[in-house]
Amino acid sequence: MVPTEYYVALSAIIFVIGAVGVLTRRSAIMIFLSVELMLNAANLSLVAYARQWAAAGAEVALSGQAAVFIILAIAAAEVAVGLGILVAIFRYRSSTDVDALSQVRL
Amino acid sequence: MSALVSVAALAPFVALLGAVINGAFGRQLKEPLPGIIGSVAVGIGFALSLLAFLALLFSDVTSVSVPLWSYLEAGGLELELGFVIDHLSVLMMLIITGVGLLIHIYSVGYMHGDPGFSRYFMGLNLFVAAMLLLVMGDSFVLIFLGWEGVGVCSYLLIGFWYRERLNADAARKAFIVNRIGDVGFLLAMFLTFKTFGTLDIAAVNEAAGELVFGSAVLGVIGLLYLLAACGKSAQLPLQVWLPDAMAGPTPVSALIHAATMVTAGVYLIARAAPLFAQTPAASEIVAWVGALTAIVAAVSALAQTDIKKVLAYSTVSQLGYMFVAVGVGAYWAGIFHLFTHAFFKALLFLNAGSVIHALGGEQDMNKMGGLGKKMKITGRTSLIATLAIAGVPFLAGFFSKDAILASSLNSELIGSGVGLYLVLLFTAVLTAFYMFRWYYRVFAGAPRLDKKVAAKVHESPTVMTRPLVILAGFSVFAGYLGLPEFAFPNWIAHWLEPALETSVSFRHPSAATEWLLIFVSIAAVALGLGLGYYVYHLKGGALAKRYGSTAPARLARQGLGFDALYRAVFVRPGEGTASGLAVLDKDLVDRGITGSFTTVGLLAQFTGRLQTGFVRSYALLMLAGLVLLVIAVVLFGGLS
Amino acid sequence: MTPIVLVIPLLAAFMVMMPSPTRVKATLALAGAVLTFIAALFLPTSAPVEMLWLPGIEVYFLLDPSGAASVLVAVAAFVMIPTLLYASNRVTEHPGAMLALLLAMQAGLNGVFLAKDLVLFYIFWEVTLIPSLLMLGVWGGKARRQTTVKYLLYAVTGSFLMLVAILALRPLSGAASYRIDDLLAVTPLLDLQVQLWLFTGFALAFAVKLPLWPLHSWLPDFHEQNHPSGVADVAGTLYKVGGWGFFAWALPLFPDAARAASPVLMGFAAFTAVYAAMIAISQTHLKRLLAYASLSHMGVVGVGVFGLHIAGLSGAMYLLAAQMVTTGGLFLISGMLYERRGSFELDRFGGLAKSAPTLAAITLIILFGSIGVPGLANFPGEFMSLLGAFQTSAWLGGFATLAVIAAGIYGVNLYQRLYQGKAEHGAVADVGRLELLVLIPLLAATIWLGVFPNPQLRAIEVQSEIAQNQLTRPVAERAPVLDPATTLNPSELSATVRPGGQP
Amino acid sequence: MFTFFLLAGVMIVGALGVITLKEPVHAALSLVGTLLTLAITYVTLQAHFLAAIQVIVYAGAIMVLFLFVIMLLNVQSEPAAPQLSWLRPAAYITGLVAVVALVATIVATRQPLPDAATITATLRGGGADAIGEALFNQFVLAFQLVGVLLLTGIIGAVSLVQRRALEAEQAGSSRSQPSRELTDVSS
Amino acid sequence: MIVMPDVNWLALTPPLILLVTASVALLVAISRRGSRPIAALSIVGLSLAAVFNAVLFAQSQTGALATSFGLRYLADHPALAFNFIILLGTALAVLVSFDYLERGGLEHPEYYPLMLLSATGAMVLVAAGDFIVLLLGLEIMSLAVYVLSAWRQNARESEEAGMKYFLLGAFASAFLIYGIALMYGATGFFGFEQIALTLGSDGFDQGLLATLAALLIVVGLGFKASIVPFHQWAPDAYTGAPTAVTAYMSVVVKAAAFAGLVRVFSALFPDLGPIVLALFSVLVALTMIIGNLAALLQRGLKRMLAYSAVAHAGYLGLAVLAAGDLGTQAVAWYMLAYVLMNVGAFAVLTLIADANDHGDDLERFAGLSQQKPWLAAAMALFMLSLAGIPPLAGFTGKILVFQAALQAGYYLLAVVGILTSAIAIFYYFRVITYMYFRDPEYVTPNVESRATNLAIGVTAVGTVLLGIFPGWWYGLLSVGQRFVAGVAGL
């Protein structure tokens, strides 16, 4: 079987790609997508670790998978609010460029 | 008996009371009243002093301590204020209150009509009080209290006519120069305390006797006290204030700047006699300071044209004699000369005052002359005083001056006193000369007065002349209290013995030598007077005119240029330093410290730039921050 | 009983702030001041109060009137009476607020003196700053804002560093609480290095407030910019308590550090004394001159304190009390002169003694008191400070003594420029009844403090001895050494005693 | 092992697509691809229920929402950034370092897998029953809180998007004017 | 097999009451116009929650530890104390919003329900006994606040605030979540107690991974607490959000975040070795420095307060570092003081600035003492307290925090803290300078708001009283049952 660290390393790579996406994309919606990547990376490592902890019993192992379920819900709620804000702003601005939101500074 | 003596402790407080009354209510009182109050206050003081003197004279008690109140019983000082009334201080009290009383009375006439009449008597009374504290104090601190007190009074009275800038300047100068001396006094006290752990004079004197003869620390203490004495007694190098101090009313000059305050330095050294007797080095310096001052001042006196300035320099010169006396260990002789000098110098000043009063304020001797005819009492008493100070035999000054001359040769405290003796002898010639000049230019010869003034010249009122007569009497007879010891009874030396007991011993040359010395000094006086007679009477002042405007004469007139020297060396650089520091303080220190705050502002500008407003740069900072943290963990370790 | 000297002025301050006619406010304020003074007179016989204020870090509300505190509180309270009287008549803009601030300041000041818990002391130390700042900022002159900020930065930077040192003190030393007794028992056992660090924290705060060169440059501006009546300057003068900080706290707490730093600090203080007096000579602005003069006095206070000799310690505290009267009095006089001339420039004065002889006389006495003429207020303190310093270091003590000369110069210069010469700018009125009422008590105090210093000195000496004991006790005898493991448990403090010696 | 690398490759490419593709729709679709690959990866990790959920909820619901919004708002491709040109390279470098650091840590702390039998027995294939048990035993509080969270999200989203006419009414009238300059005091 | 969970209903009452109140408020709000009744309802709910919280608090003082759902919900003594702070902060924010919403045209019905939901989340976060619950509490709290930040639509700053806060918040959450995942990988647990036991057990060899996880968790929580370098959202969001919301989030969100940090630090990190503490101490130092320096530059008061909030996060961080009892108590104590003075300052701000939150420049405060003496006095009080001048609450809080840090040996950090406090004095005092030492330049709007005045009054009096009698609150904090992970043996 593929060792856990492979999966976790993959998750780390995806996580960082997501993070870099947050830094480089200028459209708010693209940033949301990048954040989703990061969350999914976390989920991947949780699932991988859940398998790893199988030796410690079902309660420990399955809690990793259950946590993924919770995080999924969190992602959904975040998306709802995020898109809500985006839509609200878009109404007045007609742009999703976050660089335009840089009036408050210093 | 002690109780009788103790009552004299009230004297300074009575004088103080007079000052307070005059200070608080004087302006509401009609004219002679403040003067009467002042005179009565001093008169009571004199009566008390006399009582104490008599009590001491007719008893075996030599010293009475009068404790007052706790002053500084802290920090290991354990200092109680207290008076000591012994043979020395009671003599000083008599001089202060006696001469003071006469001058108070004289002043009632002299200050007639002055708007500051009551202020004047307040100042005088305050002075008497402070001066009494000075001489009665049983600790250096109390002496210092009086010491500064008389300095303040002197300041007030020199600047009495403060509306003239020169007078105020003179007062300021006196105060500042005195302060320099005061620093010496303070440092002396500090070192005394460090050495002996006490500031009680008796205790210090006793402890000093137990120290090694000639120990360095004693020498330093002595020199510091000398600095103090130089300030107060106008000795080199701090002599410069006294001539200027003549700006004050003339009776003030008589009392403060001739008879009493300026002798405080001599008194101080005499008080600390056992200490000085243990340190020949310091003593010798004291003597030489005195000798040099004596001659420098005498030379300066030669060329003065102001009637009071001559006397001022003469005072400085005579104080020099006293310093020589206390320097060589002849403490009684110093006090003796102080005693006689008080009378004839006060008299001289009062005479000068009488003249100034008569001439409506004129002080220039070039505009006087021949006044002896119109002012008989003033003229005659002046003559007596002049002869007394010149050292004409059988008058007071002769005996006291001679005692000093003799002591300077015979002292075993210092090395050879020949140098001192010669300087003093030469000064005696000069003294006789300039005093003759003074008398002649004022009272004899042809009048050189303005016509308007001449018409008004008159003898002073009785209230002023009576004191003159009394003082003249003392100027004649006071010297008989201290006849040359080798052949005659010397009352004053014995009287002072209990208070001035030291280890200093004197050589006792043969009677013939003593007589020889006496004749030498008589010859010196004669030489001086003769020279004066030659220059001013026979030559009619032509010589004086010829040389009067030469460079040396001008130099002498300016007090040998000490003022200019000090101005160039101390005052100007001092002022420069002061204003330079002020600029430095504002520009450098202030900005230096405040500047560090502005660097904070610059730092802030930098941090402000981090906040770009771009959400993505914020995210980058977060990620970068995390990465740095992770790297730190990887580099520096995980679980320990 | 002791807190009453805090409660009365605070209460008065609150009442003064309530809306009422100015006359009523003035009466209230004055009554508060007088009552405070009367209460202060009973301080020596009052019992200390103590209660736990902040559990957990063991801070106590502990006010103890023993020692020098009673003297300083009484003198400050005394000076406050004429100051409030003058303020209520001469401060026309928001007089009530000014009176309230003065009273609040007094309360804080009393706290500074009476607090015998280190944190409590710090609180009072800091809180007293606020009224002082407000007085400067609201009633000050043209450059008041810059000056306020400068003053604030100086004061706060210093005192905050002290706060770190305070808070580090207990963890480092293992003291049972911040009460002075508990601290004194253990802080001397700290390593010299640690002591030096902590001492530096304290010293910076105190040096700013003393002030000591080169941390003094807020002072001239502070006085120059304050309200022309001079009442705020008086308050500022009362608040120069840096010397007190050293005396009551820094020296006894860190004896080894104090001894090590003594020559350096003495040097700074001596330099300050002479330097400031020299600068005072060349000042042409009355208040700046007084500021530098007062700085010079503080140099002398510093010299006395840092000399670590008992005479210097007592003398410095006495000088601190005396200068409240003399410098305070001079500032009030400067206010009176300003009222007559509308300027503080000395060029605008001259010859006033003719038209205002009484004012001149009073000025002269207080001025002489200020420059240390014997028989007047400052002398005993100045004398003992310098004497004490001289015992420790003849050279530095001697150098500081030179300030006496400079003081003489600026003193008589000032008097001459104000009162002597010809009245080129015209005559002025002599003192009025109010001014006489204000000045007479100060005059009386100037003389009293100069003639009868001993009662006050005896009270001060009690505390000097404590400091002296701390400073001279050999290490082994200082205190029972505590076992670090149990130091934070007060109940075991007395039980665990390790035989002497440093840990 | 091959399967893993294949999935990993697809996933990484997909992820890179998300952050590099210019057209938002392309990027979103790339994310959908990534998420689907992730679902398959879950299967290889014996999390069958999660794989299903991943497809249904994530790739299905959430991504459709995204696409919907992209379409709705007509999000255009981003023009080249005029500002912050330094940020992109900085981000890449930081990202690279982050990857190295994270992977290094992860590899350094690797542990041997338990044997396959244990895994199968414990995880029970990650089926709905297994997850459900975990959810309703250990995660019952979390599960309830998810409800609250979603409620909050809904209220929040609705409140932002669905503002009443109230705002339109008030927007015009009640915005008070900025205070006028103070002339009477300063003069 | 599903087992009935152990539910301690009493322990759950405070958040439950808020949840119910939020729901009821929402229903009421939808059906009627005007926000004031809802505000009143919210206050009632908050008070009720406070009453129950007080009961629990009293219980925990006598020894009972109110836990629920295993150890996943831990209403221990510090948590209950933080509940008080959250309730107080929320109530004050409601008071500030009372008239403010109407003035600004912000009376949308979901406002108060969202605030209450956010507070619910905060209380969950505070009482969380495992990471998943902590995460959910944090998300509930945050989502509501994101929305509230963007509450003022068609206003550039508010949009910007909401969007920036949301984007960065989601970003930070991702870190937190990833950290939780890695922590699970390292220990196999989400629960604090088990994690602590595992980390502390002999033979534990996943230290590096756990440390990495810990760092990621610190990022997630540090973001909410606005610790440098995760702080940059704060100034912008605080500036842009409606002032009443800023008041709320500057205190409640921060309180919850610090409660979480304290819990995490004291329960878990002691076993991770000194490196995490050392790194966190660097961040704390940077927070104090940057927060204070940047605040120095601000002319707008709201933004200045935002940076000051960052700076105060640094001071709180000091106490977090100290961990232990002293640290926890210090954080809780300071937080209460901070709630009072900060909400007070923002409340004053709502009365000075116009309805759109514009005009909060220092110039607007010029001569305020002449126009509104009481308002100026209150503001001065808050500024002095924030600056840490005795005897106000801010000072006492500061000494507690510094004492805790010094006790733990952070000498250098304490010095940095003190020096930056000195800088802080400057900008706080500048406000006073303007209010008292200058003449007015603008007419201060005459806003009548009893509710806001009440809030200002309560906070002002509280600031003074808490400062003068610190022992009361400290005494309450120091006596009580505290859950300590790995030691409780429950």
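A, B, C, D and E label the chains in the order they appear, each numbered from 1.
Basically, a residue touches a chain if its C-beta (ideal position, glycine included) is under 8 Å from a C-beta of that chain, and two chains touch if they have at least 3 such contacts.
None of the values given here were measured: they were computed from a predicted structure.
Peer 1: Going by the touch criterion stated earlier, list every chain that contacts subunit A and also contacts subunit D.
Peer 2: Correct list: B, E.
Peer 1: Identify the chain pair with more contacting C-beta pairs: C-E or B-C.
Peer 2: Looking at contacts between chains, B-C has the larger number.
Peer 1: Most central chain by CA mean?
Peer 2: C
Peer 1: Per the centroid of Cα atoms for each chain, what is the distance between subunit A and subunit E, given in Å?
Peer 2: Between these chains, centre-to-centre, one finds 26 Å.
Peer 1: Return the distance between the CA-based centres of subunit B and subunit D, expressed in whole Å.
Peer 2: Here subunit B and subunit D have centroids separated by 98 Å.
Peer 1: Round to the nearest whole Å and give the separation of the Cα centres of subunit B and subunit E.
Peer 2: Their C-alpha centroids are separated by 77 Å.
Peer 1: Can you compute the centre-to-centre distance for subunit A and subunit C, using the mean CA position of each chain? Integer Å is fine.
Peer 2: Chain centroid spacing, subunit A to subunit C, equals 63 Å.
Peer 1: Quick one: which residues in subunit C touch 2 or more of the other chains?
Peer 2: Within subunit C, the residues that touch at least two other chains are 153.
Peer 1: Residues of subunit A touching 2+ other chains?
Peer 2: In subunit A, 4, 8, 15, 18-19, 22-24, 26, 32, 43, 48, 52, 63, 67, 70, 74, 77-78, 81, 84-86, 88, 98-99, 101-106 touch at least two other chains.
Peer 1: Enumerate the residues of subunit E that touch no fewer than two other chains.
Peer 2: Within subunit E, residues 132, 136, 139, 143, 146-147, 150, 153-154, 163-164, 167, 171, 175, 207-208, 212, 235-236, 294, 297 contact more than one other chain.
Peer 1: Please list, in label order, each pair of chains that touches.
Peer 2: A-B, A-D, A-E, B-C, B-D, B-E, C-E, D-E
Peer 1: State the interface residues of subunit E toward subunit D in the complex, per the touch definition above.
Peer 2: 1-3, 5, 19, 26, 33, 68-70, 72-73, 103, 105, 107-111, 113-114, 117-118, 120-121, 124, 132-133, 136-137, 139-140, 143-144, 146-147, 150, 153-154, 186, 205-209, 212, 354-356, 358-359, 364, 367, 439-445
Peer 1: Using the touch rule from the top, collect the residues of subunit E that touch subunit C in their complex.
Peer 2: Going through subunit E, the ones touching subunit C are 326, 329, 384, 389-391, 395-396, 399-400, 402-403, 406-407, 409, 411, 414-415, 417-419, 421-422, 425-426, 429-430, 432-433, 436-438, 470-471, 474-475, 478.
Peer 1: Quick check on the complex: what are the subunit C residues that touch subunit B?
Peer 2: Against subunit B, the touching part of subunit C is residues 150, 153-154, 213-217, 220, 275, 278-279, 281-283, 309-315, 351, 353-354, 357, 361, 364, 368, 373-375, 380, 383-384, 386-388, 390-391, 394, 397-398, 401-402, 404-405, 407-409, 412-413, 416, 419-422, 452-454, 457-458, 460-461, 464.
Peer 1: Enumerate the contact residues on subunit A facing subunit B in the complex.
Peer 2: Touching subunit B: residues 19, 22-24, 26, 98-99, 101-106 of subunit A.
Peer 1: Using the touch definition up top, name the residues of subunit A that touch subunit E in the complex.
Peer 2: For this pair, the touching residues of subunit A are 4, 8, 11, 15, 18-19, 22, 28, 31-32, 35, 38-39, 41-43, 45-46, 48-49, 52-53, 56, 60, 63-64, 67, 70-71, 74, 77-78, 81-82, 84-86, 88-89, 91-93, 98, 101-106.
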